[in-house]
Amino acid sequence: MRKCSLEKINLVFAEIAKAYTLYLPTDQNDSSAKFTKWEEGSVWSNALNTVRSPKDFFFPQAEDLMEFKVEGKNIDITDIRQESEDFVIFGVRACDVKSFEILDRVFLVDPVDSFYASRREHGIIVSLACTKPSETCFCTTFGIDCTEPAGDVSIWKTETELYWQANTEKGEKLLSYVDSLTEDANTKAVDEQKEKTSVVMKKLPLANLTTDGFGAGKTMELFNNEAWDELSQTCLGCGTCTFVCPTCQCYDIKDFDTGNGVIRYRCWDSCMYSEFTKMAHGNNRLTQKERFRQRFMHKLVYYPENNDGLYSCVGCGRCLAKCPISMNIAKVMKKIGGEK
Amino acid sequence: MQRIGVFVCWCGSNIAGTVDVKAVAEALKSEPGVVYSTDYQYMCSQAGQDLIVQAVKDNNLTGLVICSCSPRMHEATFRKTAATAGLNPYMVEIANIREQCSWVHKEMPIGTEKAIILGKAAVAKVNLNTPLTPGESPVTKRALVIGGGIAGIQTALDIADAGFPVDIVETKPTIGGKMAQLDKTFPTLDCAACILTPKMVDVAQHEKIRIFSYSEVAEVKGFVGNFDVTIKKKARFVDETKCTGCGDCVDKCPMKKNPNEFNMGMDNRPAIYIPFAQAVPKVATIDAGACTMLKKGKCGLCSKVCGAGAIDYTQKDEFISEKYGAIVVATGFNVISMDKFDEYAYNQSKDVITSLEFERLTNAAGPTAGKLLRPSDGKHPHKIVFVQCVGSRCENCAEKGKEYCSKICCMYTAKHAMLTRDKYPDTDVTVFYIDVRTPGKNFDEFYRRAVEEFGVKYVKGMVGKIVPEGEVLKVQASDLINNKQMHIDADLVVLAAAIEPDKSARPLATMLTASMDTNDFFTEAHPKLRPVESPTAGVFLSGACQGPKDIPETVSQAGAAASKVIGLLCKDKLLGNPCIAGSNELMCNGCSSCERVCPYGAITYLDKEFRMPDRTTKIRRVASVNPAVCQGCGACTVACPSGAMDLRGFANDQIMAEVDAICK
Amino acid sequence: MQVKEYKPLIVAFCCNWCSYAGADLAGNNRLNYPADVKIIRVPCSCRVNPMFILRAFQRGADGVILCGCHPGDCHYTSGNYYTRRRMAMLFSMLDYLGIERERTRVEWVSAAEGAKFAATMNEFVEAVSALGENKRLEDLRCKR
Amino acid sequence: MQKITREQLLDRAVALLSDGTVNSVLGWQKGEFDYDVTPHIFKSADELKEGFVWNDFCYANFSKYLVLKTDRIEGKLLVFLKPCDTYSFNQLLTEHRFDREKVYAIGVGCEGMVDVNKLKAAVDGISSIEATEEGLKVTTIYDDEPTVVAIENVLLERCVNCKSKKHVAYDELMGEEGEIIDSARFDEVAALEAMTADERFAFWQNELSKCIRCNACRDACPACTCENCVFNNPNSGVETKAPVTSFEEQMFHIIRAYHVAGRCTDCGECSRVCPQNIPLHLLNRKFIKDINECYGDYQAGEEVGMRAPLVDYTLEDLEPGEVLNRRGEDA
């Protein structure tokens, strides 16, 4: 484990930015935080987390796939992808780090999504342990330890110091760039911090939320649960929950005719939308109840069924904070599942 | 996918001089959907059209783009050509490469480049064209004329003479209107009654005309060719079919002191009355507000004296529904109220009267049996002052008068002045005016005669104040030409009060969805080219309801309106414009935005049952466009937020395709 | 560096009854105006949806002008009155968003005003040229 | 702190349910925390007693639900309407979007609602909130001393600039009737208008670039009740699912604001629900301000049946150029 004084943090950033494009959370004028590209003068945010999740780095909201021109009977296809450069996402929380694993299981299995894979390969994740979780946090429900975040490099921030620990080769390499600014350290301060944080974790309002009653094999049992009607009753069908969610991975592929050719691009889609997966015969899920149910069944039943029991929620709490009507996965889990 | 043929016209050197037509034809060949492209010297010539027809046959074309002159020039021509070739005429688009290209640009490369772009836009549009067919609707061969004045009478007679049944709805107990109240008419000075009453009799006797007197239009539904109208026949407590108009009841009625409307309230009539001797229908009417039998159940004298047994105190308002193909509005005018013109002392002195009251004072059938006597004391007036433009041309006084010129006052004042001087040469007559407006056949001659032969004093200037003092009216006025103040002690003052549309016109316009101007005159479909039609199809305008008019003008407009009605009723079916709006019911919110902007009232709402996504059914309110009424302006398409409303022939996707093609 | 002469792209929506005829008259009288102006015929100025205008800017137009009958002369009696309100509000919003107000315009041109049509177009093209390319309402995808 | 108590509303709702006046109640349901209140249709008195809340976090505007819900339920629906909600209620009636007969509306006096974002910015890790006369007494999960936050510091923007405490529609009113307020709600718009075009452009680029097209603004908006929104309709030519370019961000927000212009009651839901905190109300208010200045004061929803300014005209309306230049050539 290495450490550096927080006073030197901007030097550290400058050093990293020499080798990589560096992104880190900065405060916005509306008191929210957002991952932005580091440049001289950027100030690392103290916020617990960003409104938009860091999934954007690997799975951006919109990305061009190819371009084609039709002339007469000829179709001219151009691969317009741009090679990624190595980049660092600094200060990713444990929950969000976990979300990458969930996305990987979608995009990196055969057939591998080469766009996603390329970004993943070039991205270096510097994770940050939590010290002051919010009331909306429930990562423990999904077995995530926010004091022990994964990633290429894990960091712990104390009052005065930043502790670093490389977990992967990519991480080692990154740390080597800031070698001169860091020094060896023991884990005492970090251990103390972990201890303190876990006390708070146990007191969180959602600390007792469990996945009992969900998971693989529960489809038939849960699908016709009467509570879906009530839960989905006032859902507006907007896509806020899906778009702030670090694990939602649905997208649509669309063509845009520029007048001088067609750009085929993909963009996020939301299962909450009435037009979602609309096909020639119409829509699969005709009511908001069905769409609402799909979202939670996917996260809590279908995904674990296909992915060795792994749930596709990381308890980051973004949807709890942002849903216009304050309906969310925690309420769904409590209503349909149970508490410890 | 369309199979489009492109035809580039040279128009001799008109186009070819500035546009490389061959290059245009060549460039458009590779546009999507284009399978054939050629150029020719004169596309509109028979040979050119034959070339198009042949190309359609040879290449199985489904759409045509003609790059030529303005569509305003030859769109109709090429639509016919398309029809000849077996295509729907609306599968044609014109790229205007003459008026909007070759004629306004000088250099060949620039003109050619623009012509190609305009051609591409037309191709892009045709790709989205769909065959359009005009809608058909039947025509009810009956007309309704609202108002029984000279305008309504003339229109009804003309329509009826052409063989179509006509109903006249008149709110008063008799037809005849304002003209029946007049004494003589300018500029010929023939007696109004002498020329009007025969026409009234013609109406009464015409087998194709029905008169609904003492009646009002209660409701109008439907559209051109197919109006459903409900007429309210007010209870007159006299059975029209039995009453012979003998007048016995009128003589016997004890309630004699009711202001006589026909004589402008200058004398009285009984509670049961016939407005005037030549009334049509000549049937008595009981004034329910004045009759003690109806109010208190006491009297019943009229019933006793009526030999025909026509009196029916139990009569109720009756509602009659009828279908009409066309409606003519002839609601006429009224004199404005003088209540707000305190300066003229109208309400203070009986001897300040309006011109219409003057008409009755000089009419042989009027309250004074035609002798010009002062209303106050019955004496002969020796000094009369006429004031013109009372409430007319009144700038910035909307609450009092009218901004417009009432048009008829100059002439009738000249008439009054002249007749007074003619009959009573001892009377001094002064007319105060702003301008004397006498455009019209023999009008100026008439006015000059009043001045030159009859010695009427015309003073340019306005009357500032009239103060009744004892027996005289002190008139203060200014003489603008001699720049001096004038004081006249007049015996009688006649105000040429402005005229305004009848008050019934505004609610009627709402029922008809016919538009009105801010003065409540009906708006014509086009001020120059369609002056007797309302913008609402099937509604026509006759007489002063459209604007101030004298009798000859009214009669000509009445005839014109009649000829338009006859033209409409002659048709068995109406063919609509196929480029009209249509609502996609699945997307329509029923919010009424489109209805509110439709200038024609073409949009109505239906409650329709829809199958919802969750397999339930739901009743939803959706817009429905009446193809016979819609004129295709497209105002509704933009008012519609969901895009449910679209315009055929100028659809959203077509216009956007044109935009895209131009901006490529 | 030699810069290629900038030619703006102007889309003109003209109502069929007055302004389109006015444009035709400009042609009949051989009154020149720049070829940068491309006319789209609509039945009435009230047919022009704000989406068409934004679409034109998206696709590369540098200026959009709407021409209709003079107020009071609308073939459909009231269409241009709605146009007047709609465009006043839309253009004011575009201005509020920082888009140059010279890029949009409404002009009433009657069928008799061929000269006015040509003059308006000359003036509008000049005003838009002075602004240069539309950058604030552009869609980069359409400029590749 | 609200003057009307939860119990007052609850009693009334239970009474109306039990006497059969209404069949169900659209009200606010208690959440996981003291601030995450969810709109809910209560079907029974027991359900109400257990879950119904009325507090400083009942910000949701229920009017829009009437479009979606009234034809799905038997009998009448009881709905609670705050003053600002009643304007949306009337506007929807004007547009024939729901059946008035299916609704029993109770007007509820409102003292302003709390912006949770502002509250969270003031206090981290909220574990409970108690409304007191002094303000909101907030305790945290970190066992800190409770903080008292003055309500006026954490009100929603729309409540800071509240336009009316008067209910323009109801069957029954609970609490005292308020007045229409001469608010300063156009000040921010005026400040933007006073900037240069470049500054305005920069401002809006910054704001609109945050948009993630989650459609929350549209889907929460009581004026956006289209059966099929143009932005969802692949045939409309403007359908998109993501703001792929800055143009599409602009397009969506301009057209959305334009489509609700003259119909927007300024209820503020768009800005409240935006997860990216884009001040969307500044777009709608610009239209309202322009309409007021150019065509006379107009408050959408003030009365049922009013003719919206953009489906109306007068012969003397200003020309578009005059509207643009009425404050000078270019601000």
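For clarity, chains are labelled A, B, C and D in written order, and residue numbers in each chain start from 1.
Basically, a contact is a pair of C-beta atoms (placed from the backbone, for glycine too) under 8 Å apart; a residue touches a chain by one contact, two chains touch by 3 or more.
Owing to the predicted nature of the structure, the values given are computational and were not obtained by experimental measurement.
S.K.: Go through A-D and B-D and name the pair with more C-beta contacts between its chains.
M.R.: If we tally the contacting C-beta pairs, A-D comes out ahead.
S.K.: With chain centres defined as C-alpha means, what is the inter-centre distance between chain A and chain D in Å?
M.R.: Taking the mean C-alpha position of each chain, the two centres sit 30 Å apart.
S.K.: Roughly how far is chain B from chain D, centre to centre by C-alpha average, rounded to an integer in Å?
M.R.: Those two chain centres are 46 Å apart.
S.K.: Just how far, in Å, is the C-alpha centre of chain D from the one of chain C?
M.R.: 36
S.K.: Please set out, as single numbers or ranges, the residues of chain D touching at least two other chains.
M.R.: As it turns out, chain D has residues touching two or more other chains at 230, 236-237, 244, 310-312, 315.
S.K.: Where in chain A do residues touch two or more other chains at once?
M.R.: Correct list: 256, 259-260, 274.
S.K.: Could you pull out the residues of chain B that touch at least 2 other chains?
M.R.: 597, 639, 652, 656, 660, 663-664
S.K.: For the protein chains shown, what form does their contact graph take: line, ring, star, complete or other?
M.R.: Shape = complete; every chain linked to every other.
S.K.: Taking the complex as given, what residues does chain D use to touch chain A?
M.R.: Residues of chain D touching chain A: 31-33, 36-41, 60, 65, 116-117, 120-121, 124-127, 141-143, 212-216, 218-220, 232, 234, 240-244, 269, 272-273, 275-277.
S.K.: Residues of chain B touching chain C in their complex?
M.R.: The contact residues of chain B facing chain C are 70-73, 96, 98-101, 103-106, 110-111, 113-114, 117-118, 121, 515, 523, 525-526, 535, 579, 597, 599-600, 631-635, 637-639, 647, 650, 652, 655-656, 658-660, 662-664.
S.K.: Taking the touch rule as given, give the residues of chain A at its contact with chain D in the complex, in rising order.
M.R.: 28, 30-32, 48, 51-52, 61-62, 132-136, 200, 203-206, 230, 233-234, 236-240, 242-244, 252, 254, 256, 265, 267-270, 273-275, 320-322, 324-328, 330-331, 334
S.K.: Which stretch or stretches of chain B touch chain A in the complex?
M.R.: For chain B paired with chain A, touching residues are 30, 613-615, 660, 663-664.
S.K.: Using the touch rule from the top, collect the residues of chain D that touch chain C in their complex.
M.R.: Contacts found on chain D: 189, 192-193, 197-205, 230, 236-238, 244-245, 247-248, 250-251, 254-255, 257-258, 261, 283, 286-287, 290-291, 294-295, 309-315, 317-325, 330.
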